[in-house]
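In what follows, chain A forms one complex with chain B and a second complex with chain C.
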Partner chain A sequence: MADAVERPKASFRPSMLIYDTRYRSLTIQIVVFALFLAGAAWLVDNTVRNLAVLGKTFDFGFLGQRAGYDIAQRLIPYSQNSTHARALLVGLLNTLLIAVLGCLAATIIGVIVGVLRLSSNWIVARLMAVYVEIFRNVPLLLWILLIYTVFTEASPAPNAFRPDPTTGEADRSMLLGLFAVTNRYTAIPGMSVEHGLGALDLGLFTLNLTFAAIVGVLILSFVARALVLRHAAAVQEATGRRPRTWWKSALILILPVAIVLFALGFHLNVPELRGFNFVEGVNVSNSFMALWLALSLYTGAFIAEIVRAGILAVSRGQSEAAFALGLRPRRTMSLVILPQALRVIIPPLISQFLNLTKNSSLAIAVGYLDLRGTLGGITLNQTGRELECVLLMMLIYLMISLIISGGMNVYNSRVKLKER
Partner chain B sequence: MSDTHAQTTPFVRETMVPQAPPPAGQTGAVRWLRQNLFSTWLNTILTIAGLVAIFFLLRGLVPWLAHSVWNANSLSECRQIIADRWGPDATGACWAVVRDRWTQWLFGFYPRELYWRPVLALALMFVAAAPVLFPALPRRLLVLSLLYPFVGFWLLWGGSIWTPVGGLVGFVIWYGVWTALASRAPFIGVVLGFLLAVFWWLFLGHDVMRLISDTVPYGIQSVRSDRFGGFVLSLTIGVAAIAMSLPMGIALALGRQSDMFLIKTLCVGFIEFIRGVPLITLLFTASLLLNYFLPPGTSFDIILRVIIMVTLFAAAYIAEVIRGGLAALPRGQYEAGDALGLNYFQAQRLIILPQALKISIPGIVSTFIGLFKDTTLVIFVGLLDPLKGITDAVRASFDWKGIYWEPYIFVGSIFFLFCFGMSRYSMYLERRLKRDHR
Partner chain C sequence: MKKTVFMGTLTAVGLVAGLASAATLDDVKARGELVCGVNPGLTGFAAPDSTGNWGGFDVALCRAVAAAVVGDGTKVRFVPTTSETRFTALASGEIDLLVRNSTWTFSRDTDLALDFAGVNYYDGQGFMVNKNLGVTSAKELDGATICIQTGTTTELNLADYFAQNNMTYTPVAIQTNAEGEQQYQAGACDAYTTDASGLAATRAAFATPGDHIILPEIISKEPLGPATRQGDSQWTDIVRWTLNALIAAEEYGVTSANMEELASNSQNPEVKRLLGTEGNLGEMIGLDNDWAKRAIAAGGNYGEIFAATLGESTPIGLARGLNAQWTQGGLLYSPPFR
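== the complex of A and B ==
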């Protein structure tokens, strides 16, 4: 059968590239791509010419040179004679350390404050609202500087913890007998083992076998616990009764680690004032404490709002239905409210974690040597390689961000509502 | 027998029981306390903990504020006054530093006799923003908003009036070409107008304007960028970046939602890159690297560079916020646009964007608040922000050496007022624009 409508003749006019919707998108894309390439070429060409004028080259050879500066806080061995690459690594680890600890503390603060802000207690709800509003509406830099000032100005010198020889009383006493906040550092208990397992040299860094053993045992415990929980779920599905698991979980989580720690001769080193300084424990620099507290409190305020919004987003009918079914409040929370609230909470929470990680670059304000302080600060100034340093720094931050958001997105897709 | 009695004689009440007040435990303050503070034992513990926290906060704060000193010439004088009045151990706030140096916190090192110019620029900004913020005003006033960037630039930096006029002429050319061709070929009109405007800005405008300014020289005292500081700097960067990042963010969001693969890829790449790096690295790029990327010998103003980078930064975040708004719109809205026979731009302008932007208002405003707070980071590229830059400058003077809390509290409260005000305005806007009756 012939077509009822005669097809228009396929004739192509150049104007159709713009006015025919079939071709227009192609035209636009080609033009935009050409413009993009031209722009990129222009930038690269400019850079090449500028580098030639300055007599500089574009290479990362400087990373292998001797750094020649000190880094106070380091998680891996480092000295002045180490290379810039190693300084970079130290800085990166410092960034990651503050990011991980900050995210942990911020989440804890945020969840507590977010729940308390919804509390029926008038005073507590108002107090939390004041905290959230004050921290959210003032620049983070101010909190970092302010807390740094509190530590350096308002806290006593280590000397104040020395008991007076005549009376036996010290001006200040240590918090719980374990922590001492001074104007130079915060002394916290250190951890050490008597029978260490030694270290394994892996070239770039050395692996502390003692630490690795503890972490390995912990991981194994968690796997075992997961198996126990899975078994409990299977029993519940088959018989309708869930066996009690809490004591098994507790045992599995605590006992193996305790045994390993005992076998290794683990003990806490309580800081002790000897001479002019605290020894034995770990002395955490004030810049780290200020940065960590400020980041956690600031981000915690944002997370509190996210948690509050997430809980409010679960409609009232859900908890009423759960109560009607006879669920107790705690189970209602864990089985009905939280799973639904988490779907709302997780995505913005990810971006808060990212923000915290990126904001840790404000370490510059208190002189904490993180990635920005080592690679983007001293290394950059010493070698004069602005282009390489800043590009590398951006790339590393980008990688961290993408890894965090990737990991959290996997988690998000696991907790989100399964729907078609 | 009692049964029959109950059925034969109905009980009818003949007198009303007089209204009685509720029991004393169920009224007024007592009831409120019971309900809100002591309903359960957990609640009681929380109340007591809250009261203890408030007590400790106030115990330090109240005497310190009560012992405030407003008139003094140096910190030591302040301390002397406090010691004289409230005893040697008393501590107190020394607000005299704010009274002495507040102009620096507001204006940085802007010439003292020219303070009226940033103030006027700020006042005019509200005039220019009014037609945008309040739709009740006549639409013609939008011309003021469009002219404001040039006026504001001229007032802040000064110099020859022909510099901003030259910039303005480029836009006039663009608009003129567009309207001239609007009826026949709108798309070509926009592109051609843009090309002509760029040609004017790059090649022609500079010489023509120099010629004019030689014959009719008119200008006001120019102020170099390194004299800027304090809240004038923060507001300049913040307002400029806010104004420019919104349209750019909308364009990026639309690009990200686009069906065209290349456009989408470019937008996603840009957004993810900018959102993945800290603002500080972008500011470093502005101060250290921009000279590498531009033709040799080019150098332009550091404030301008920072504004560009902050704009790019904010635009990426706004794009994501608006993408959320676009995604939240029901599919039917897009289909309705198609069904009405609207083209892409008409559908976006008339149906999609008004709704999507309305949904995104809270996110957009919180991005703006974040941006305004982030203007304090310009200290790290050597500009005098109010928080660290000016405060350090003040503390460096011999008179005020050793002062800590007062400057931070002062600057922090101003930031708080701005940001809190913005967030309240966004709530007002949200309520006003609310169309669904839920």
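== the complex of A and C ==
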């Protein structure tokens, strides 16, 4: 006769919250969450109190006030009578410009260097290794300052291009008669059209119809080229012979734009030294050049390593198989290795793009007025709204980063291995 | 129960942290040292010498305040601030007092929540150019590239001046006077603009000052003065009346040399009140009665400080001009010590 074991009643006691593993993890999470909330509440409360003691309020009304300062580089119309919000937009566009151009250049540099570092040519491979190691291991700020100093110290002042009144000769002459590198900026020819199509005012900004027309024609050309390539692929599928497409592509890409530009009366404006500075053309400031070059070269070194890792991750059998089929090394790289390597390359590449974008705020070192320089620099100082400006700046950088990350992740999901 | 204690502590800490910044005088006394925000390097106003000792016109005011409050003009820690960081440094409590060529303006006094304790230098914005440009007037600067310190009133004046005169310019944003000096000398800008006194001080530091001219146009009023945080009127009063004591001392002929003598046998009751031998003015602002004596002893009266740091016998060579006593045709005018 077995002893009847009475099962204990399933009753809940408060101590079980600590001693019973079923509840303990929940208890810990609730406590930690409460502590976190309390900490956050204290932070906000403390800020509000301190602001009150300083006699300050928290509002974003200053964005609508007149900014009062000038910005040298602006992609949209701006004057000192514009608002702080407009200055913010000018700075944001400057940040985006440097980010986009920087990412483009860094990717190109990175892919070329990454591939060349694996070259069988000893000198080429070692040179690339030296470049990567030098740029990766010295802080970015130093590169920016170094390149800026080289531009500023090694190039002549605009005055040097002025002809001497007695001899008619200038100290320096322009490169090809089109470019002038000075210690302030590089003057490059500007583009203008004689019969512009005017502009459309869209409230926030004005749309330049001439520019829009050219971009529109370019987009149509690319679509047409894609159709030609698709047709060529279809012919190849059917007959095994690929028709020559390069001259069609070239014609489609160049001719329509050329016709539009001719119709609009397009011409180059050669920079001309008038008064103190070059006018007519576009003056690309040294701060922009220094920042762009330094960001591209620095991030390019990291991307080169990512590309190298990506290529090494592709099984050696792949290139051996491609060689066995008679593909030349260059075609093997572009048709077999790189497409497969992309799957490894893209996720870390996203981080590098994010890094480059955020690092562009080092523009402060060379006086390039990006978002950090306008909103986080002059606006912050002229209005004294530190908290608002910094919060807004953090929010904007966060949004830019999330957009880049989101866009790249979409691309990543398109190129990654699809399992069916 | 324990939680209640915890939350109570949190609230108390919050309250204390919130109110800690209110009484600067107590902080400074407890620390035994004044933390003074100054220009990171502007010869004549504030610059460290080769041994790291700070000297200059603004520095002398910091020392006078330190002497009045903690009794020793050397008990000052100087914090170099750029034009961009200065007000944040003051508002956040990093510094007790800002004496950094800062212009007293309406919005800084109200919106930025600062208090200006007076004017220690009446200035105006000017332009400096290299002689070989052949420019003799600011009106000829159309199209020029101009170096300008960001976050300053001069930046706003510059934009206004060029817009009013239908001229264009390219601003080159710089952070400090040293950077501006370097950019200007490297030829990265045609003209450098800041307060005329700052230009004179900058030019004095050049290898060949004679190659550069300061254009005759003065395009703005720049009353430069010491700034404190708003909401601590006792501290602001101390700074204001220390500055006034230096100005009044010059007016009444009180110098660091004859101060002791005048304190005992001056016939002027105001001098006696200033030097603490009569009345209790010091107690009224939370100090002792010798405060003004110590402030004057630290670097002399206003005139002595000016002569030693900016005056015509120094390399900067500024005339008193607007900064002469009201009795000499200038703007310096201390309210009575009564």
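As a convention for this text, the second predicted complex is superposed on the first by the 339 of 420 C-alpha atoms of A that agree within 3 Å, B and C clash if a C-alpha of one lies under 4 Å from a C-alpha of the other, contacts with A are read in each partner's own complex, and residues count from 1 in each chain.
Simple rule for what comes next: a residue touches a chain if its C-beta (ideal position, glycine included) is under 8 Å from a C-beta of that chain, and two chains touch if they have at least 3 such contacts.
Keep in mind that this is a model prediction, so the values were computed, not measured.
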{"item": "First (chain B), second (chain C), both or neither touched by A:Gly367", "value": "second"}
{"item": "Touching partner for A:Asn183 - first (chain B), second (chain C), both, neither", "value": "second"}
{"item": "A:Glu153 touches, of chain B and chain C: first, second, both or neither?", "value": "both"}
{"item": "Which of chain B and chain C A:Glu386 touches, first, second, both or neither", "value": "both"}
{"item": "Chain B versus chain C as contact partner of A:Val53, first or second or both or neither", "value": "both"}
{"item": "Which of chain B and chain C A:Leu261 touches, first, second, both or neither", "value": "neither"}
{"item": "Partner chain(s) touched by A:Leu142 [first = chain B, second = chain C, both, neither]", "value": "first"}
{"item": "Which superposed partner A:Phe36 touches (first chain B, second chain C, both, neither)", "value": "first"}
{"item": "Footprint overlap on chain A, comparing chain B with chain C", "value": "46, 49-50, 53, 153, 364, 380, 386"}
{"item": "Residues on chain B engaged by chain A in the complex (per definition of touch)", "value": "35-37, 39, 43, 46-47, 49-51, 53-54, 187-188, 259-263, 266, 272-273, 275-281, 284-285, 288-289, 291-296, 369, 373-374, 376-377, 379-380, 387-388, 404-405, 408, 411-412, 415-416, 419-420, 423"}
{"item": "Chain A to chain B touching residues, read off their complex", "value": "18, 25, 28-29, 32-33, 36, 43, 46-47, 49-51, 53, 116, 119-124, 127, 133-134, 136-142, 145-146, 149, 153, 354, 358-359, 361-362, 364-365, 372, 376, 380, 386-387, 390, 393-394, 397-398, 401-402"}
{"item": "Parts of chain A lying in touch with chain C, wherever the complex brings them together", "value": "38, 42, 45-46, 49-50, 52-56, 68-72, 79-81, 152-153, 157, 159, 183-184, 274-277, 279, 283, 286, 364, 367, 369, 373, 377-378, 380-384, 386"}
{"item": "Residues of chain C touching chain A in the complex", "value": "7, 10, 13-15, 17-19, 21-22, 83-84, 87-88, 91, 108, 111-113, 133, 141-145, 150-151, 155-156, 158-160, 162-163, 169-175, 183, 186-190, 229-231"}
